[in-house]
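Listed after this line are the structures, all set down as structure tokens.
Shared between the two complexes below is subunit A, which has subunit B as its partner in the first and subunit C in the second.
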Partner chain A sequence: MSEYVLDVRNLTIAIERRGRTTTVVRDVSFAVRPGDALGIVGESGCGKSMTLRALLGILPRGARLTSGSVWFEGRCVVRDGVDNGLAALRGGGIGLVFQDATSALNPVMRIGNQISEGLRRHADVGRRASHLAAVDTLRSLGFPAPERQQRQFPHELSGGMRQRAMIGMTTSCKPRVLLCDEPTTALDVTTQLRVLRLIDSIRKATGTALVFVSHDLGVIAEICSQVAVMYQGQFVERGPTDELFATPMHPYTHGLLGAVPDIDAPDPRLFAIPGDGAAANADISGCPFHPRCPLAVEACRSGEFPLVTVGGADRESACIRSADVTGLHRRRDEGTDD
Partner chain B sequence: MSQHAATDVRLHKVKTAGERRHTPATLVAGLILLTILVAIAIFAPLIAPYNPEAQNATALLQGISAHHWLGTDELGRDVFSRLLYATRVDLEISVAAVAASWLIGTSLGLLAGYAGGIIDAIIMRLVDFVMAFPFYVLIIALVFVIGSGFGSILLALIVVGWVSYARIVRGEVRVVATREYIAAARMTGIRGRWLLLRHVLPNVVVQPVVYAMSDVINVILAIVTLGFLGLGVQPPTPEWGLMISDGSDFLATHWGLATFPTIAVVITGLAFSLIGDGFAELVAEG
Partner chain C sequence: MTSAMLEVSSLSVVFPDRSYGPRPSRRTENSVVAVDDVSIQVNAREIVGVVGESGSGKSTLCRVIAGLQQATTGSLRYAGNDLAHKRTLADRRAIQMIFQDPYTSLNPRLRIGYVLDEALKVGGMPKADRLEAAKELLASVGLPESVLHIRPSRLSGGQRQRVAIARALAVQPQVILADEVTSALDVSIQAVIVDLLAKATLDRGLTLVFVTHNLQVVRALCQRVVVLHAGRVVEAGPVSEIFASPQHPYTRALLAAIPRLHRSASLLAEPTADESTTSAERTALPQAECHFRQLCPLAHERCRQERPALQAISAGHEVACHAVGQPEPSGDTAPRMSSSTGDGGVPGDRRG
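And then the complex of A and B:
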């Protein structure tokens, strides 16, 4: 157990707004070892970002942990929903790369200062040494003229450079767990690949554990060995990335994969999951996906649907008809679906 | 050919970084004017031909002459010398009052917006309390209670003045606090005073600075008004409001006594509003 650097168990987050409480993340559990790369995939508003922010104790106003526990390097930092020292992990323990570097960098502060600041506050490094560290960080991130660029303001950099600077800001304190919140979504495809490779090389070089959140299956496949699929604040399927994408065992994963464009397919039509996942429907009982599910049966409408081991030893699905999903998926792959 | 004309590409002059950052003319003009006024205030003893408080019974109410450039008042004092020394008095009080209001208001606004809860409630109710009174009514009442003179009008102006800064800054802080870069800074382990001073303050500081420029004009007018009402700086200290008040008795015969200090007030007001406009323009260009 203690081999895990970060161990999250049954994390539940609720948002309170005008007296109404909505559960946005329900019973989420995962654990990562140093050097692991876990992807969390799901559509917008499914609770991916909330999960990451909860781990840093920087949830937005109105949102709070209601239950669950978090262990960091064997130390309990959240017990039964009560923050027990998350603040101490910020910077050195857990770092987060934000989705939109443009808004996550302070507009009136020089890039170099933003990168070195965490070091100065955290590792108690002096002004001169932290300045040099910032220049080194920028150089390692592929900035062509780090001495000059560390003096620039965020608006003077390109989008890709800003995101790399953001990564620099997060990684300068050498976090043992690196969380990434869709860091490539705002970038064009070529820049996206560069940033992904950068994150991957940082993971390999430093042995940090990576938790990478995205709605982009291709991005996840690129750098994560394990993947968890999230729907309406719950994990619905988890397993090794290649296996899970090849043979999904939850109808939602099946739907997501069908929504990815494939230019080699004989029939290049895109599949859309019917219904709306973003519509907050916490009142739905049973499996959260059943209103949109092609395989839904009466048994799906009530009860709890936790992840259970299915098929291979390291595959988990929350679907009671997971065996039938494989058939559904094979039929579509052969072009005989509907 | 017409086809050619239609596809004619107009060459736009590409703006360089240097051009984009040009200083607005209004700011330059305002700063020059203010520099002159400050120089006058500092070097008044060197420029003034007479002691501003020295009376001369043999030269009462004289017109403009080579000896007395702007004439003399009803006590034979040199108007030009008094005008120069009054610049010093008025600028000192107004700048001190605005600087102190800015400092107190910005600090409390920062605290209220960032801390929230009970601290926010206490500070903002205090702001509401002060704002509930009309500006001059409160100033005059305060001066009545604590007495007239340099120190007490300064105090009265600060007591009334800080609330606007607190309200502006508190609103800005509430907005900035929800920004991603504040969450990102917290993510790297920054918190407390460091977060407030290095991340929040630089992002809220522009608004109160712009406001201060127009506030200076209000404050100068308030000082002049108090002087005019006899509640401000006490004679024989030269002060514009006092000079206008004294001179107004002789407006029909010796118009200059009230007019020259009025012009001085207008020029000072102009200097600060030019700076305020120019600064706002500079910031808007970003």
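And then the complex of A and C:
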């Protein structure tokens, strides 16, 4: 559909290493309209960063798209796993904010130059104009002395400022889709809040579509209206953020919520998800979560588990026992689920 | 008090200005006061959280207690022994530190069995018993025996942190200093490690100082919490009390900045506060003022002239703020808080 600025369908990514092929992202589909904010949550290694990188055509060596297609503003840029022009969109059409600004910024280049370089490349702006625009960008990002600070190197800035400078680098080109890969994970809560407000205000002001990847459920709850939960390369649940966090319909989502209770929750305890997500691998047949799942039954051990509509019209879950997930809440409240 | 396991009194750490060369300069305007006159008592078998932003001095404090960093002034006592100048072998064994980054705190070339064996050897265990003890340590942190034979590169972050905990426990310490041990880990693994630390501490009757910027974890694990800002203790007290009714404006701002899963109004809708002062910008701050002054909604004239002292407002709950304990104002000067954090008697008076 052309109303979507970015439409990703059945994206599958595999990594080949020493002759072995591992599927790290399996059949992932999502679409965003201008101004949308979609969150993707999951643990490290679940494939969320891989998904973002695939959309920019910057997958690491050994990883490749095996199938799936991507439409950007109605134009097919990836068809059946074949890159058909992603490189042209990078920066101008789709921008990415990386997790670690310290390594994503060039340490020997002044931050003003790093911002204006993108403008010259993507927005066809002259040298002088791009420098002025870089200063304006820094000012809008809350830098107190942009004229002086645009001449500084990344190491001269604090972590929060570096992250903001990188957001400026990405957003100054006015991408229609802004991808954020854990942009606040390395920051303090107060700095994190500032960066989140900045991203949110940019989305509102420019109508860019936001795809925000994080393992922090609270951050997603603040900034995204829709959320998809990813486990072992697959979406296991998707829906409006408020509803999904209030009544999870996949046992993995339920487990994640127990591991990071709200700071206001009456019960401060953290509940670990039994088993080890990192030790499990993609070779498991059936539902990827079944070895750790408190609700697992025989039927979970084989077959495919795609997202299906459950409950409300906007809710999707990959769990065949999604109706029983609410029962897990009760068990935890009674203290039997430990 | 003699019952305190760890007693930090008026401890300061000053990093001298080295911008003119390797030797510390006599100029003091560029030196950084990382820990500024901090006094903390930790009782035996207590779990104390130390929270604050990066640059608040929490890691430096931890390193001083562990003996990795010299204090500039002040004293440090462990079980009554003065540690500031001389530490016996027994003192050093009794205080063990677990580091933030499990990827750099384990030697990549040493097998886990060797790492644990070395720690046990330092702990004075005869060679014949060490293999058995290493297996027991691994079991106590939930790792299989097979881990003995592999190198850290084959372990995940959570598994490495378990090894780091096992290594710290190997010398049978009395005090464990955990410096941001969960911040490099995923949320689900974080819960596991917090559980493990709590269990290890309780089972062995240890004292735990848990340094973190994650307030959710403090709430789940600790009994008492110390809030640091710009190298100073701004608030200290029982976890239940501080989370229910934070008194210092900084503690409130910290609690209010936590993203919430369920809230009526978005945190993002509110105006952006200025970025907090961190060590990078802290060089020129005058000593005789409140360092939170510029960001503080309750700041008044006195905050610029006088450093607020820690004063007890109830049993065990101390706050360093001129505005706390003053007559109750109309209420519109209170800093913004989340609706559900609860505001047990909002203090604050612009004139003091």
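Basically, the second predicted complex is superposed on the first by the 321 of 338 C-alpha atoms of A that agree within 3 Å, B and C clash if a C-alpha of one lies under 4 Å from a C-alpha of the other, contacts with A are read in each partner's own complex, and residues count from 1 in each chain.
The rule we apply is simple: contacts are C-beta pairs under 8 Å (C-beta built on N, C-alpha and C of every residue); 3 or more make two chains touch, one makes a residue touch a chain.
Quick caveat: nothing in here was measured; it's all calculated off a predicted structure.
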_Taking the superposition on A as described, I'd like to know which of subunit B and subunit C A:Met109 touches: first, second, both or neither._
first
*asked:* Tell me the contact category for A:Met166 with respect to subunit B and subunit C: first, second, both or neither.
replied: first
*asked:* Looking only at contacts as defined up top, I'd like to know whether subunit B or subunit C touches more of subunit A.
replied: C
*Report for A:Gly118: first if it touches subunit B alone, second if subunit C alone, otherwise both or neither.*
first
_Quick check on the superposed pair: does A:Ser44 touch subunit B, subunit C, both, or neither? Answer first, second, both or neither._
second
*asked:* For A:Ala134 in the superposed arrangement: first (subunit B), second (subunit C), both or neither?
replied: neither
*First (subunit B), second (subunit C), both or neither: which does A:Val211 touch?*
neither
*Is A:Gly95 contacted by the first partner subunit B, the second partner subunit C, both or neither?*
first
*Check the residue A:Leu6 against both partner chains and state whether it touches subunit B (first), subunit C (second), both, or neither.*
neither
*Once the two structures are superposed, pull the subunit A residues common to the subunit B and subunit C interfaces.*
none
_Residues of subunit C touching subunit A in the complex_ = 53-54, 156-159, 186-192, 194-195, 213, 215-217, 219-220, 243, 253-255, 257-263, 266-268, 272-273, 275-276, 278, 280-281, 338, 340-341
*Give every residue of subunit A touching subunit C within the complex, in rising order.*
43-44, 142, 158-161, 188-194, 196-198, 200, 215-219, 221-223, 242, 245-246, 255-264, 268-273, 276-279
_Considering only the defined contacts, which subunit A positions touch subunit B in the complex?_
53, 56, 58, 60-61, 87, 90-92, 95-96, 98, 100, 103-109, 117-118, 121-122, 166, 169-170, 172-173
*asked:* Touching residues of subunit B toward subunit A in the complex: what are they?
replied: 178-181, 183-191, 194, 198-199, 202-203
